[in-house]
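All chains are identified by letter, namely A, B, C, D, E and F, in their written order; residue positions are counted from 1 within each chain.
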């Protein structure tokens, strides 16, 4: 318990930030028209590709002869990159439909 | 400049928090129907009465014979309390109108 | 550790309640809950501040509780007593007091610092000065806004010639002094700085028209928020910081929204001058003034009433607004409002003109009241909406023997609780005579093409 | 100091761009900008991560750039190639890969930890296990969702008897293992834990109906977000944390919204079972299936088309939907869509029935096309909306000599690009014969009372 | 005081209906009604009796009336039978019967002409011209629809498509406006024209199309009435009308100018441009007609185009027409009969206008 | 092959209008049209000639026709002048003229009866009953509005308020529905009744009120036609109608049962309960009328209530009526004239129904 209290008190601002981020996540989406559900899902999915940053860090910190880590890292990078690039690109294609006429 | 960088790097999460708070402030309000403008203004005003916390801290930290600080503090508390209590009460009265019929 | 956890948690709860409360406040259904939610959060935060452990603190609880009791009672009573119509004034004065509170705090801290009681970093001094400045503007500005709304001052008397230039100079002088104070300590000069800020707040609001006051109050409200946030920085208090910033941000965006709703830009409002005339109305005999109402107030009045009577006139026909009119009717009926139509025999330009129109819009016959039925029903009607009618609702026909229509039976719309007249201007109707109804105390004008106004009303009602 | 400021600032910009991008994404006008905005933020963040100073780092840029190039190209090409109709599948698979990425990362970190290469706090181990679990579910769940949407698997074949109970047991086993791993180090068990998570993800999605897949994808998307956030905690990376949490929160709320739009609860969807039948349609001759369309897809199709032809029939009259129909027309016209009405000579139940109705709704005469004009115009029409008509749009009249109406001229709505039929059921019309149009590949059914459907369409179009 | 209600000789209407009698009696007068005065308007003598009127022979009326009420003025011969103190109330049409007030004054009668009530807002409840014009306008369309061998509304049917009838309304006064409204109701496409500038807005307020012809003369002092137009303008108007007429199925003309012959808007050449089976209803027939071929109260068939002139169509809807007339009259009578006595207040704007036997004139 | 278009003797319509001639010629036939056949429907002989028809005398027609086309059947005397190979096309009404097919068969004629075309979706483009009934329904309202001494729409005017007319429509077939639509357009309040259960929805689909009377008999095998009702039901119906009638200004009756006398829905007692000036239009007049007092093609005034019976109102709108009729006929003729030859395909559902001189019968 004490540990938890300590963690809480020490990371107070981070916790504020997390809670506010959650509220913001809710708030931003809560009034979206149904037609945008799919593109929005797709856009959010692309953002979740931010996990690729972890993969970059993993490789950068790996020793150059740690081939296991490096290979895992590269796989992670490939997967993450597909998610990021594909995600944004596919969202963009979906949203092309929304171009205002004239 | 260095000072600023230092401040920035040290208070990074606080800055995230502030920026997210600002975005949240925008976001929460941005789709409000015009009929709610006045009650919302009033509610926000009541929240700005949070400054009273400063007044409490001022008095609590003052030495008991520092009458100047104490008086200033009491004035601040009175002003702040009017803002808080009056603010919430008046907002509530305005919002009574919105009670759904039946 | 555990106790400070509780304090921190309380603050977190407070901050969250502010955010969530504001969120709830922005939808009519949940607004009241939101207000209560934020209020409870505030209460939790105040209690937490009272009991939080402070090293070497004298606490002085008696002073605090005394002050809180006095302030609380004053706040509660004035909130209870205020007339519904004076709400904006009340908000303004409350806001001013919040600003004043920040000013007092900052001054006290600075004083303690100059007196050597406290220590303050350079940043903290700067922040205190900022608090002083912005809180001061919020304070006096709000007071003047209050006075204007209460009709205690005339717009003209508080405006100096070349007021905007004077304001600019005042601002520059004040800010220069602020920078000087940032670098040099001086209690006297700090007091002067405070005084200048207060004067500037006054002078800033002075040229802005009375009708624009709500916008100004909203802006000053966000100033108070910022000053609270700044004070939060001084005290290293997260809740003040977050709450203040939140109010600062939402107040700013709200100000912009209010300007948009009036079809003006914020700049336009603040530069003032012509702002005053926007809703001042046109005068009859040079002294009477017709009040105008904006779409959202009209919508809310209609939506929350029990019974509405619509009085169509030639203007409805000209605007071809019959279908939108029916739409508004349907929307209101869907919310349980009883809507009827009062048809004056000579409304329009041919016998049965209104009947033709309303039949086109499929208004069922039983909703139509003729003159006698209508005059009986009007007495117990909450809101009358006069849509492009004029002569047929002219009270001169009743009470002004000199009027060319004296003796003609008219629709006594003034028997209803409130009247809203939709027309484009103050121009007279077919008979070419002035209509004192427009200046009736119960009446508000909704200027604009009837079709336009009604469709705006419809979309507004849909948001409720 | 200055350099790390730039890195920090880049991350801040990245985080802000995610928030703001999502915000822009939630309104049709700005959605595209929002996506680009978030994409740029992501780019900035990736570059910052590449160049940020790391103590003792080997960097291994070649590996990184190589991986990025491969992934980028695959992503880009598949995004380009995918058919418009297969978008949801694509999103699903992308999302699965994101989850897989998180799984790989967590596994690598755990491996390094178990191998003694890295140090990890107990909390970090817990977080890595969480990442493994939730990322694993997102991975396999998304793959199965993809397969279901592509029609690669039948709903029934992937459901075991008592599937929900099996799922429950699997979940408990996995979680228990997770807790054990939290307290005891074991690479083998960690791999088993990963495998179990992957199996659970598969099994979790298995019983859910094909039509509910979008909801599931959205939920899995928020899982991926959470796993990214958890990975962010491992690496102490603010941006991953904030971005992941943001996606987690908005994904969750989006999932709920999607369920609401389908008039179902999330629980209901996840328990699955009957979900599959919701949009399966009714079959003719036991094998043909009529596709149904939901209101928002119909609205968007209409809104973004160039030309629309409305075919009114007896159902329009029965529903008395003529005025709402005109409202939809007006809304579309206001957006530059060309709207016409195709009047079949025998539509309705008396000669000129449709004329009477449309005149009542004030549809101008020039908007009405008779049979010949309509059949000419239909060829270049984007969307045909058949409102309660049936016999008059029956292709049997053209191509089925056995049909009792063979030889009657009908409206060839199938010449248009897409067809939407509004009616309440699959019941036949006056002539009492089946209508193959409903099973036409271009056709979608919008079931429900015509007035109801049209007014829902109208409100949906207004939000666009 | 005895109020005498005469039976109309060439009109189905009656000036006072039973429902108005009690309100008249409340003014302190006796009401004598001629036998079967209301018969053709579907008001029986019995109904009159029930509400307190006395049913009498015409001769009795003539010799006893203090106020003689009728729609059409009594003939000179009958007038001579009245006591000269008798107040005459009827539509004397002094603008068309220019010698009437002279004649009446010679015989010392006082006469209130209903058609001289000013067209002001205040007087509208007494304005028989408005109520009757409104009926005429409505009836004109029904008459046209009856004569037209075609449908009014558009019909897309299995036996082919019928395009909507086109109606052209010339003169958008009260009658014209009501025609517009009625024709639109029946599904026709309507265009209208008038010289008064206010008419444009009024026509549009009924959803019809207004035809613009530049250069109309207007006189705001004419009390809302139109004034005569220059020959040049009328020529241009006729050209424009001809253009529209050839595309129209129905023309309804109502254009009148007070105290003058009705303007000629549809010459024979225009009629000849019209399609076979088309119909012209001329409500200005009594003042000469807006169509050259109009014969008052007659149906003319000119090469397959029907021209029907009738300025008194209201009499074809006698029940409602009488009801409205009676209410108008009642409102008017209240102005000058107070507590059983005649009180002709010459200061009153309405009385002043209606009294066509003032000394000044 | 010569197609003969006869002039109608007691009808303003014509069976074929000039616009249809080219399409007939395209079928490979010659078209002979009787002199001034279309005159009363506003189609001149000149127009027929221009599109390629031959204008001839009736006697010439009789001796040369291969297909004799008319709306009303030719009289027996004239029929005898035709060659017996001539195909007769007209409305023979075999359900009412029960001996007609016998007589025709005796003289070896083949005859297609237009009123026997089935009421199916496919046949609708040939269904003259529908097009004519639709016109009758429309005209019935116009006729009623002309006869009614009151306004249809509600009017709140300075001379008092006029309540909207109430219209009761009995029988909501094609004619009834069109009456409902037209009366509603004019601003009346409309209620309707029919025995067919589908009629309820149909009436409501036009925005009118449907009167519910329980217990109607229905026969889905009757091809959409109503069947005779039990005496008990008819009694209850009459009671309900009486109740409504006393509040109605107008009753339009269209109730017919194939092959029987029209049901009696409005007995004299009901008429006597109605207000003075009310109007009854009886479109079932030719089969005896739905109203007891109906006289076919006559206007009866019963105590101030007008009863007008006319089953052939379509002929009062001859131009459009002929156009629709002609299109229907053209569509029908295409069924059995192919490349200039007569091809009576007895397998065809429509021909089979319309051919009243089949051997089987």
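Convention: a residue touches a chain if its C-beta (ideal position, glycine included) is under 8 Å from a C-beta of that chain, and two chains touch if they have at least 3 such contacts.
Just so you know, these numbers come straight off a predicted model, no measurement behind them.
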### Message
Going only through chains that touch each other, how many steps at minimum separate chain B from chain F?
### Response
2
### Message
Are the interface residues of chain A and chain B largely the same numbers on each copy, more than half shared, or largely different?
### Response
same
### Query
Which one of the chains is farthest from chain E, going by Cα centres?
A
### Query
Whole-Å distance, chain B centre to chain C centre, using C-alpha means?
19
#### Entry: Length of the line joining the C-alpha centres of chain E and chain F, rounded to whole Å
38
### Query
In angstrom, rounded to a whole number, how far apart do the mean CA points of chain C and chain E lie?
56
### Message
By the touch rule stated above, which residues of chain F touch at least two different other chains?
### Response
124-125, 130-131, 134, 153, 155, 157-160, 162, 185, 187
### Message
Where in chain C do residues touch two or more of the other chains?
### Response
19, 23, 242, 345-346, 351-352, 356, 359-360
### Query
When you check chain A against every other chain, which residues touch at least two of them?
13, 16-17, 20-21, 23-24, 27-28, 31
## Note on the structure
chain D residues touching chain A in their complex are 14, 18-19, 21-23, 25-29, 31-32, 34-36, 38-39, 42, 45-46, 49-50, 54, 57-60, 63-64, 66-68, 70-72, 74-76, 78-80, 82, 84, 87-88, 90-91, 94-95, 97-98, 100-102, 104-105, 107-109, 111-112, 117, 123, 214, 217-218, 221-222, 224-225, 227-228, 231-232, 234-235, 237, 239-254, 257-258, 261, 295-297, 299-300, 304, 306, 335-336, 460, 463-464
### Task
Would you pull the chain B residues touching chain C in the complex into a rising list?
17-18, 21-26, 28-64, 66, 68-70, 72-102
#### Entry: Residues of chain D touching chain E in the complex
343-346, 351-352, 354-356, 359, 365, 368, 370-371
### Query
Can you name the residues of chain A that touch chain B in the complex?
13-14, 16-17, 20-21, 23-24, 27-28, 31
### Summary
Contacts from chain F onto chain C in the complex sit at residues 153-164, 187, 189
